[in-house]
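In the two complexes below, chain A is the common chain; its partner is chain B in one and chain C in the other.
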Partner chain A sequence: MTIVKASMAGTVWKILVTEGEQVAADQEVVILESMKMEIPIVTEEAGIVKRIIVAEGDFINVDDDLLEIE
Partner chain B sequence: MAEYTAESKHQEMLDTVLKGGHEKYHEKNNEQGKLFVRERLELLFDEGLQAEDGTFANVLAGDLPADGVVTGIGKIHGRTVCVMANDSTVKAGSWGKRTVEKIIRIQETAEKLGVPLFYLVDSAGARITDQLEMFPGRRGAGRIFYNQVKLSGRIPQICLLFGPSAAGGAYIPAFCDVVVMVEGNASMYLGSPRMAEMVIGEKVDLETMGGAKMHCSISGCGDVLAKSEEEAISYARRYISYFPDNFKNKPNVEEPKLPSSFEKSIDEIIPKNQNASFNMYDLIDRIIDEDSFCEVKKLFAAEIITGFARINGQSVGIIANQPRVKGGVLFHDSADKAAKFISLCDAFHIPLIFLADVPGFMIGTQVEKMGIIRHGAKMIFAMSEATVPKITVIVRKAYGAGLYAMAGPAFEPDVCIALTGAQIAVMGPEAAVNAVYANKIAALPKEEQAAFIEKQRDEYRKEIDVYRLASELIIDDVIQPNDLRKTLELRLDAYKSKKLAFTERKHGVSPV
Partner chain C sequence: MFKKVLIANRGEIARRIIRTCNRLGIETVAIYSEADANSLHVKEATESFCIGKPPVAQSYLNIDAILDVAKQTGADAVHPGYGLLSENAAFAKRVEEVGITFIGPKSQVIQAMGSKLEARKTMQQAGVPIVQGVNEPIEDTDEAAKIAEEIGFPVMLKASAGGGGIGMQLVNNEEELRKAFEGNQKRAQSFFGDGTMFIEKFIAEPHHVEVQVLADEHGNVVPVYERECSIQRRNQKVVEEAPSPFISEETRKKMLDAAVDAAKHIGYTNAGTIEFLVDRNQNFYFLEMNTRLQVEHPVTEEITGLDLVEQQLKVANGEKLAFKREDIQKKGHAIEVRIYAEHPVTFFPSPGKITKLVLPEGEGIRHEVAVETGSDVTPFYDPMIGKLVVYGATRNEACVRLADALSNYVIEGIKTNIPMLLETVTHEQFLKGITTTKFVEEYYLPNATSVGK
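And now, the complex of A and B:
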């Protein structure tokens, strides 16, 4: 199990996956908005999205958990 | 029985020295996937060591061949370089009196010859039993670091880390221009895990505390993570090809090559939407000679890319924001990374190309606590002081102090070019309209807000339009994205004779 974390502080702009979905390594799973930029967040490991921890619009800090991959 | 002659005695002693330490330490080396020091030197040089000094250091001790370090001169791509290389089969590569003296002497030799110096480090640190002889005195280990500082910027100093670099010894990599670390074996630490447990009560393993991957991605003490010793050595041979032998010379010009060819042109890979991300490596590949990119600190602060390349055969240093990582925003670590790279290029006459696509420096409590202002100041300081040709390209945008750090017009680049569609401003349209009209927007009826905001943003975009900036002579040229390579070729050639002293003084007071 791995946790995908936020690379920087910002707002969750788009969640690109749903729970139960199969994802590949390096796939973009969430897009944050920070400093007026879209910040794509990728998963380092492949697997199934087990749990989405944040919701679109949430403010998150650097290293906050975004979702869980199994 | 053969007669025991002076000749045979010499051969016997020499053979003993060249074999290194006891067989069991060679076996241990093997198990760890490490090469013997003399094998490493075979790989590093075109044709092995051509001159070795102090071969018989401590020969009478019996078990300390070459006193645990090989020093000498060899050739890389036909160019003379000096080397010091620890032998981990001799008392774990630890330093005694003669080890230190040999290292100091090869530093002195490299200075006199004006040639690069390679440090092949694999050492447990000081021999505690010999400390009075090798630690505190005028020609003790401290002198090695003093010399490194003195040589810094005079000759290239390259560190290859194959094993530990412990305690005081960890400062050898710290004072080198670049540090290549072999994953799994290389480590750097002031106190070992055992010491950490005894002294501060921390339980930690070596890899977590001071391993190659940690240093190359988190601390920034390492620059290049290599999978094997062969890969590390091959990187070092390549790296030095971008450099002159010393600060008095310019880098060699190699055979020019065209960039690799791609289906999509530069124009097609840069998104029109300022907020969308793209991969800056795709742009770099399209403007440099094919396969000429030699990156430094790839895994550390990846929101900025730093690396050597060739354009029309000429060595250049590229500093580029990476929108794909953290939006290309500058952080404390990215500023730090760029500062050292800029200073390295400037020291050895390697022209700088800034590819700016930067929303600014990061804001917020966390980065203020990390001292983002003083780290940012380091980058701006190094960039200002650099007197090599500086070419600034505004790829898409340069907002706020990001424009300054990326060698904006006020910092005397030889040219500041914008690609069509680029924006330069204190902040982007979204943030600016918010900042200026926040009260007015709030006072408007809800249904009118969106239209008002869009109208103001449009006005703002006109205000910061690239031709407006060119018309005011703020930027020197606007070019089509697909003409970037050609422009860089012509400009680099034109600026070849640039000669500039930054200012007159003893030295600046560097923000650290």
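And now, the complex of A and C:
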């Protein structure tokens, strides 16, 4: 199991996957918005999205957990 | 003159407006979000009011909350700064309706220039050259492909309501266009609430040169020279200078004339900027009009001796411009660099706490900064935390002073683009004045791997 974390503080702009979905390594799973810029977040590992921890519009800090991949 | 001006903005531009108001004996009202409670503009204004939570929609874009503060404090004018509500026609109209002066053009003029597509048509009628393209909204990908084929690739895909490069993309062929169209349309819809798209022919090796105008309510329009703003990253300006090192005296005269024609045609009042693309043969084309003070206005101030905020206040107060075109002579050369809280190579934002800030001092150096040691740079707003402006008798002298100042600029705790700025302004292409909008891609990024580590 791996946790995908936020690379910087910002707002969750878009969640690109759903729970139960198969994802590949390096796939974009979340887009954050920070300082008026879109920041794509990729998963380093392939697997199934087990749990999405944040919702669109949430404010998050650097290193906060975004989702869980198994 | 006004007694009290509310500044509907934040950061360095709020401080800049406060400075001129102080000099003219005008009181100021600052507004701020919870994230900006410790900001310098809040401390420096005569009065300050918190108007909401950090996201701009809940504070700096909250028209009702801002108008409440304006009424409550008895402000007789509102200065919108740049960005945020500065080009929001509905805001200007609401301010006008409650009997307060909006420091800018009339709301109808803001509206007319806010749509890039409408502005294209209007400028064509004014006899100002425009880039070959369409004057009607493009409905879907198939229509876009057909039009692009007629114009000939490469083309620029553009959002009519766009700004800051959002919704805009260069496409080289039909496949790229088909991939890009819907994404940009959606982005424009979600950022600006308007997904209207259009297409223009791509101008190769373009220079971005803009003309500053001042227009009073008595029909006088005075152009106060141009600014060269070609050096950009992510379609946003990074280095700006005046005068342009690229255009000839003949082109300068034609561009200034065109800017005056444009401003007169639309009944423009207050300070405004007409942006042009200039091709390698010095043909120029209307790009858009910014109906507000620009970020880079200080370089114009440095070469003309004018205080543009003061001129804005006077014009908004109904005064006549105290000078004619021939009275304004340019002298020397000024360059501004924008200091961004971001990684100097990837350009990704770098919010955080500034643990140390030491501003370089010296002859010809001017600072416009929003932060101090201990400031938090939050993720809620634009990454620009300050501007460094240098003046020299010649462009060469300005370049030397700028490189010195950047070398001595200390910001710790966050990443900034200062290493990128230093590489740029000491690059031989820059020193030669060869600054097309491709500069960062062609001359900076290929050698940038060692920068900022």
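Just so it is clear, the second predicted complex is superposed on the first by the 70 of 70 C-alpha atoms of A that agree within 3 Å, B and C clash if a C-alpha of one lies under 4 Å from a C-alpha of the other, contacts with A are read in each partner's own complex, and residues count from 1 in each chain.
In the analysis below, a contact is a pair of C-beta atoms (placed from the backbone, for glycine too) under 8 Å apart; a residue touches a chain by one contact, two chains touch by 3 or more.
Owing to the predicted nature of the structure, the values given are computational and were not obtained by experimental measurement.
In the superposed model, A:P40 makes contact with chain B only, not with chain C. When the two complexes are overlaid on their common chain A, residue A:I53 makes contact with neither chain B nor chain C.
Of the two partner chains placed by superposition, A:I3 touches none, neither chain B nor chain C.
Contact with chain C, but none with chain B, is seen for A:T11 once the two complexes are overlaid on the shared chain. The residues of chain A shared by its contacts with chain B and with chain C are 8-9, 34-37, 39.
In the complex of the two chains, the chain B residues touching chain A come out as 275-277, 323-329, 331, 359-360, 362-364, 366, 427-428, 430-431. On the side of chain A, the complex with chain C involves touching residues 8-11, 34-37, 39. The part of chain C that touches chain A in the complex is made up of residues 55, 164, 234, 341-342, 348-351, 378-383. Chain contact summary for the complex, chain A toward chain B: residues 7-9, 34-40, 61-62.
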